[in-house]
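Chains: A, B and C, in written order; residue numbering restarts at 1 for each.
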Amino acid sequence: MSLITIKNLWKEYGDNVVLERLNLNIEEGEFCTLVGPSGCGKTTFLKMLLGQETPTKGTFLLDGKPFPDEPSIERGIVFQRYSVFEHLSVLGNVLLSMELKESKFFGRLFGKKRKEAKEKAMQMLESVGLGDAAHKYPSELSGGMQQRLSIAQSLVIKPKILLLDEPFGALDPGIRADMHTLILDLWKRNNLTVIMVTHDLHESFYLGSRLLVFDKVRYDEQAPNAYGARITYDIPVGNEKGAILTKVDKSRKKETNNYDN
Amino acid sequence: MKRFMNLKPSKVTAFFLGLLPFIIAGIFYIVASDLRLAENPNDKLLPSMASFSEAIDRMALTPSKRTGEILFIEDTSASLHRLGLGILISAVLAMLIGIPLGFIPFVRAGFSPFVAAFSMVPPMAILPILFIVFGMGEIAKVALIVIGVTPLIVRDLQQRVSEIPAEQFIKAQTLGGSSWSIVIRVILPQIFPRLLDSVRLTLGTAWIFLISAEAISATEGLGYRIFLVRRYMSMDVILPYVAWITFLAFLFDYLLKKLTYKLFPWYSAGKENA
Amino acid sequence: MKNIFQSTSKLLVAATLVMGLGASSLMAEVKDKFTVSWTIYVGWMPWDYAQQKGIVDKWAKKYGIEIDLVQVNDYIESINQYTAGKFDGCLMTNMDALTIPAAGGVDSTALIMGDFSNGNDGIILKGKKNLADIKGQDVNLVELSVSHYLLARGLESVGLSERDVKVVNTSDADIVAAYSSNDVTALVPWNPQLSEIMTKKDANLVFDSSKIPGEIIDMLVINTEILKDNPKLAKALTGAWFEVMSLMKKGDTKALTFMAEASGTDLAGYKSQLKSTKMFYDPKEAVEFADSSALPNTMKKVSEFSFNHGLLGEGAPDAGFIGMEFPNGKRFGDPKNIKLRFIDTYVKMAAEGKL
């Protein structure tokens, strides 16, 4: 069974069809990059994965069960901006993840648990290269370091899927390259499932194991909103492990079959 | 020669330029006062500097003949006590109301219109109701400040809460946060410095309500004294009191600003970056 | 350098004068336009009637001058403005005339004593029936006003002093609402608030100004220097006043209804307020009152009360610090510092029909 199963999925806002007839399976360990022209629904799709939006109709399963219809612990997210908490130190930001997860009422850990969480947080920070900045506030960090922090914050509680919403879009090219290395490294080492929206084609080819292109297939000039976008290309990319590529191939075939039905 | 708009005064020049209007106002006062006193040595409208120092000596340095207390200190402590209590209660209430209002759609739908309407009610116009509910004593004075100031802070906080980027709430949810734990770990700490800002901005209003409350019914307080001696036009007491109130208001503003930056270093840094 | 300084100070003086902050007496001279301020009060409504019905204009024209009566909403503010030199005359009580303009060095003359409070000011206790029960209570009143004076006189009458109560300064505008509050048990209001509170539950009138007749006097006060230079003003005002008085004496319903409505009540309400006001409808009565020996005695008491409350100014060594002059050459206090004068000159002219 796939991690994510999508069959004949539609998303409409009134008369405005955003996505139509999506069919897609995503396996554990895949790194999907989503590209497409603006307004093609890739952000809406990400929001559905996140739980911010719900599909209008169709099958939308996570681990064989319907997706939770609000953001939850299964899915981590890194936005382009604002996804770290400015009032907490770098360490505090990572600690908060474990505190919110484990302490429902106080949102805080005490004593031994706190000590353990702190150690775990420090390891996480080391692995994203923020070990030296643990006691700084986000406002003292560069944009790239803030994104590293946001990634650490999500990864420390091991979500099933890591969602990235144009996470490197606001960064300088040099820093972006560093971030690419980091995310690939984290992906490989932790066997993550990553879904990333980007508008940078180069990035989408370089990073992913699988590239999904969203676009409108049909277009009516009289009613531009009458038809939604679909996945027009679904191609294995990257120079990664063969196993994954095979998996991708398999799911592509399934999907193509669905198309034909 | 540069354009006038591009000329910038040096630090020293800026300091003296800032001082100049005060000096001019002072000279103006002294001339006007001398003119009036030359005609009528007992004139009370614009007293001389000497009568000010006499009045200050009488009110602030010499114990009152009748009560043995120093009136000025008694007045100041009574007023500050009311003001402090009023502001404190307003701030706590505003947090309790403003955060759910800005954060929970159901609460917003239910109460936002009411709060918006309530904040427009001029408290001075419904005084008789306040008297019956809160009596005429200390509670009434504090209540007037609370009723006058709380809606302002509530609406400001509601605005501030809704200005926290939605990304933060989503992120916190993906980390396992509940509505409650997000309030106490994400919203409260971020809203606190904004609350202090808001309090700072409403201090002026709070003073107005304090002075009004003391004018209506009191036995001591800065506003009480001003309205009492107004009965025999003792400007020699009123003007120093006004100066003192101005100074206190300025001081609180300054201290609150310092306190905010001290307690929340991330807040000021964030502001500079923004 | 000296020249620059001189011209600068000249400029400043000029600017000050332009801004209206100059001293009042600079303007004291023979002139033909006058302003007198008034506030709403039962005994002063005739002035409004006289103004609105052209009686003031008629008398002013007779003496070739113009008189403008200006209504001020806040009583104390109207006296303060008069004291600061904004008005030539103002309506006030005998006590306020002593403690505000006179104590402020503005030599003032009581031109017409129109009435005295004969029950318009009173002490009300909630629940209790005797004045002596006031002991130990908080008393809500306008501090340092005639209410305060009435309280002092009332306490004296039952062997108590101000030390036995606690005075809570309460604005007259809010005193009716204050009665409804549970923690208010004793009040000293004046009319119309007094009669309003008396309609409420448990309100008992335990002392009123009819027990100290002639001590709370409502009068028209004119700046002495302006009066000296402009007797025409005094004549016109006195003439107009007694013309309205004769209408009121006849019980002219139209005139009374007008006054009632202008003061925010109806004819019956106004008449009941008049009952507790001893109006001097006949100029002879007014002359008699001004000439009586009771007046200097009253002013002595008022002066002592004011001195004890620091109202004569901190520099005042005793109750006689501010000198007062009465008809027939009677005097009280420092003859070198006469700031308040009571005269019967013009009222007498009215009595003799010489206006």
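Definition applied: a residue touches a chain if its C-beta (ideal position, glycine included) is under 8 Å from a C-beta of that chain, and two chains touch if they have at least 3 such contacts.
As the structure is a computational prediction, the values presented were derived from the model and not from experiment.
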Chain-level touch network, classified as line, ring, star, complete or other: line
Which two chains share the largest set of C-beta contact pairs: B-C
Whole-Å separation of chain centres (CA-atom averages), subunit B against subunit C: 37
Centroid spacing, where centroids are CA-atom means, of subunit A and subunit B in whole angstrom: 48
Distance between chain centroids, defined by C-alpha means - subunit A, subunit C (Å): 83
Sites on subunit B touched by subunit C in the complex: 27-28, 31-32, 35-36, 38-46, 54-55, 58, 127-128, 131-132, 134-137, 140, 215-219, 224, 227-228, 230-233
Of subunit C, residues touching subunit B in the complex: 9, 12-13, 15-17, 19, 21-26, 76, 80, 83-84, 99-100, 103-106, 140, 142-145, 166-171, 174, 176-178, 180-184, 311, 313-314, 339
Residues of subunit A that touch subunit B when the two form their complex: 50, 52, 70-73, 75-77, 79, 81-83, 85-88, 96-97, 99-108, 137-140, 150, 153-154, 157, 159
Sites on subunit B touched by subunit A in the complex: 165, 167-168, 170-178, 180-182, 184-186, 189-190, 264-267, 269-270, 272-273
